[in-house]
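In the two assemblies presented below, chain A is common to both, partnered first by chain B and then by chain C.
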Partner chain A sequence: MKLNRSIFWILPLLVLALPLVLNQYLQYVVNLILVYILVAVGFNLVVGNLGQLAFSNVAFFGIGAYASGILTTQLGMPWWLTVIPAGLCGALAGCAASIPALRGVRLFYLAIMTLAFGELMRWSYIRTPDLTGGSMGLTVPEPEVFGWMLTTEYHKFYVFLFIVVVVVIATSRLLESRIGRAFLAIKNDENAAAAMGIPTGQYFVLAFALSGFIVGIGGSMYAALVGHLSPEDFDLIQVILHFAIIMVGGLGSLIGSVLGSILITATPEVIRHFEWLVGSEEWIFGGAIIVVILFLPRGLSSLLAKVNPIFKDRYYRD
Partner chain B sequence: MDSNSRLHIADLVAGYGHNVVLRGVSLQVNQGEIVALLGANGSGKSTVLNTISGFLKPTQGTVHLDQQSITGIPPHKTFRAGVVQVSQARDLFSDLTVEENLKLGSIIKGDEALGLRQVFDYFPRLSDRYDQQVSTMSGGEQQMVAVGRALMSQPRMLLLDEPSGGLSPLFVKEIGEITARMKADGVTMLLVEQNLRLALEISDRYLILRDGKVIDGGSTDNLEGSHDDIVRTIYL
Partner chain C sequence: MTLLTVTNATVQFGGLIAVNQVSFGAEPGKVRALIGPNGAGKTTLFKAIAGEEQLASGTIHFQGQAIHTLTPHEISARGIRRTFQTGGLFGELTALENVLTGLHTQIPSSLGGLLANTKTAKAVEKAATKKALNLLDMMGIAHVAEQWARDLSGGQKRMVEIVRALATDPPLLLLDEPAVGLAPPARLELMKIIRRLVEEENIGVILIEHAIEFVMTVSDTIIVLNNGEVIAEGAPEEIRQNKDVLEAYLGR
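Coming up: the complex of A and B.
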């Protein structure tokens, strides 16, 4: 197949036309996919690129969402002004989440500690009702960008798409830079990376902070999309969902993050459109994950890379 | 410590937990020199290298590189100071290609293009295997990648831990020739080697380590064909 890398610019342009063919509900699903693309890109930085089994992602997601929600409801800030602060709150949480890893905690121990961090945050949302609305949740006002109210899913789509494209391109550049190479070296062998002059501790903090920043922005978009935040939105099911996205898409792959988000978010919604399949969504959903992981252990992105090498993630500039 | 000294170690004491391995090691490597550190298994040779490169903190003693103290600093800072170690395990990034491994050698310091030219000059075989995944290469080729990666940062002090370990005689000969070329180009090296013949052939001086102390040493120039005395000092 004759393709070149300009396809990465053409595809988002084609996607711009989606609102012309989708109803409000399907547009909502597409917007949710965009949210999960950022969640997966951020999660993949730590799990796929740095190679650490850390599940603090759901905490970053919740912190970003609540930061945006609290800033809009309590301080009356327009949504667009809360996006970067939400990312920064996620980055701060990322720095905190990197502490166990800095102290040498790895593998399952790191996994369980970071899972606990996510649960601790969920408990915090419940226990701070003045800020977060507690168990009742927090209703987030209609998002606004430069005075323009995003009243429909179509409006939100264009703003979300812009944010996602910017973040994905920036992450791609970062992974192709020396920072990305350092992540790759640490993932392969921490000691060897240190012997090559790479300050592994600093890169751990950097990866977690970047991950927190990106997922925090995703959280902010989620708050704008759903309009109501509840602590249950950030429970262990979310961890499984995020993990399924990057496993199915491809660990450490940007394209995989996009593919995984599309498949995992859209599949249950597509199934619901076929009456004879209604009721078996979970079966099909679970089965699809098992099949992909069994037959494509490196995820859907590896399949795409086989079809055409331009879809292979490049971490080295030629 | 004289002005010609590249690496100077004085009274180094280090070990693992309560197990003291080095009990006051002192040695000096001058600029452009190759010094072979000889000794039986467990004498502390690799521990000396690991302590110099910062993987192990000494409890006593000093390490100086070009008159600057590098005692006890972490490995990434030792690397930046100019000390690069090629460990016995080679520590290669096995999932990555030759190109990726080599480029990682200059990720922090060094000129990537210049480094690659120099490495391919030493190891022409690697330029043919640029895209090959390192885990699929032979032991000798992996050793070439490991030494090549170390050279990418233009080190001031190269620490080689058993470069001939586990290699076929043909590769041992090749590694010996390349090491001699590197010496001619002015690379300063501290070499730990079990292959006595190779070590004495390529080095300017030798030091014998036993029970964590330097017990003997001298120039390799004056050695006759037989190394029986050295073998006796090492093992008996």
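Coming up: the complex of A and C.
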């Protein structure tokens, strides 16, 4: 098959036409996929590239979502002005989440500490009802961009797509640079990375902060998409979902983050369309994850890379 | 002129004194070997020089400046580069990317420049790639540039690691058991490369090695450690005949 890199421009252009063929509900699913692409891209930076078993992602997601929700409801800011602040709140949380790792906490210890961070945040959403609406949740107003209200899923789609394309391009540039190499070097051998003159501590903070920034932006999109945030949206099930996305897609691969988000978000919706399959969603879902991980340990991105080498992004490792 | 001066260096792990009051120096254009039985403190001393272990007492100076309080990446940036006994290479990176990682401190692109993909950022990356390829070519391993480091043979891995360490033209190179796992022809090749580096590039080399013939041939001076202390120091021929060394390490 003859392909060249222009496919990375043509595909998004084709995606632009999606609203012509989708109903509002399916468009909502596609929008959710866009949210999860950012969630996965950010998560993959820490897990797939920096190689740390850190599950603070759900905390970043929730903090971004609530930051956006609180800024719109309490301060009356238009949604589009909250996107970057939500990212910055996520980045700040990322800096905080990197502290245990900076102090030498690794592997299971880091996993459990970062899981605790996510649960602590969920508890915080419940315990601060004045800000977050507590367990009743927070209803956020319709998103506004430059005075335009995003009243339908189709409107949200174009705004989300723009954000996702910008973030993915920016991330790919970083990963293809000395920064991406430094992340992988740390993942492979921290001592050797330091011996190359890489200030490993700074790169830990950078990776977590970038991750928090990207996932925080994803959170602000989530708030705009669902219109109502509740603490259960950010529970441990989400941790498993995020992990499944990057495992199925491909650890450390940007293309993998995109593929994983599409598959994991769309599968339950597709199943729901076939009457005879209804009721067995969980089985199919769980089985599919097991099959992918068993037979494609480097995720769907490795399958794509075999189909054609142009999908072998420089940050893809087989 | 001395390049590196270690003065009364002591490294302690709890009650265990791994390196005890060791003093020695390294000069440009000379190979200095550290030998001794397992557990003599050679690697610990290496780690202390590279900043991976803290000194309990004593000092280490490099080019006249104290470095024993610096972190490993700061010491690396000052110009002391090392290879590792095992592992060391970044297996998930290609040989070329490993060397580029070695050049990390010489690729000054900023976060903003990278995000905006500016001409400067692209030019810097391109120049570094060219330099890395040249270095691989000089060692005769340019053909493995695009291979994953973990797929390379033992000899190729060692060469890539040395190229990666040398990428920033460091004045001092620390080699931790460079000959281990190498077949005789590869050892000979490595020996030639080390001699060329010291004689032509005037680099100072400190190496740890158990392959005694390798050490005797490649070194200018040898330091023998036993139980964390220096028991002998001198030219290879003197060491070969030293009674204490024969008893503690070389055997009769």
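To be clear about the criterion, the second predicted complex is superposed on the first by the 314 of 318 C-alpha atoms of A that agree within 3 Å, B and C clash if a C-alpha of one lies under 4 Å from a C-alpha of the other, contacts with A are read in each partner's own complex, and residues count from 1 in each chain.
Assume a residue touches a chain if its C-beta (ideal position, glycine included) is under 8 Å from a C-beta of that chain, and two chains touch if they have at least 3 such contacts.
If you're wondering where the values come from, they're calculated on a predicted model, not measured in any experiment.
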### Message
Following the superposition defined at the top, how do chain B and chain C come out on chain A, clash or fit?
### Response
clash
### Query
For A:74, is the partner it touches chain B (first), chain C (second), both, or none of the two (neither)?
neither
### Task
Could you look at A:198 and tell me whether it touches chain B, chain C, both or neither (first, second, both, neither)?
both
### Query
When the two structures are overlaid on chain A, which partner does A:151 contact: first (chain B), second (chain C), both, or neither?
neither
### Query
When the two structures are overlaid on chain A, which partner does A:308 contact: first (chain B), second (chain C), both, or neither?
neither
### Query
More residues of chain A in touch with chain C or with chain B?
C
### Query
When the two structures are overlaid on chain A, which partner does A:170 contact: first (chain B), second (chain C), both, or neither?
second
## Note on the structure
Contacts of chain A common to chain B and chain C in the A-superposed view 178, 181-182, 184-185, 188-189, 191-200
### Message
If we count contacts the way the header does, which residues on chain C are in touch with chain A in the complex?
### Response
50, 52, 71-73, 76-77, 81-82, 84, 87-93, 97, 100-102, 104-105, 107, 109, 111, 114-115, 117, 121, 125, 128, 148, 164-165, 168
## Note on the structure
In their shared complex, chain A is touched by residues of chain B numbered 53, 55, 74-77, 79-80, 84-85, 87, 91-96, 99-100, 103-105, 107-109, 149, 153
### Message
Please output the residues of chain A touching chain B within their complex, sorted ascending.
### Response
178, 181-182, 184-185, 188-189, 191-200, 315-316
### Query
Once bound in the complex, which stretches of chain A touch chain C?
170, 173-174, 177-179, 181-182, 184-185, 187-189, 191-200, 252, 317
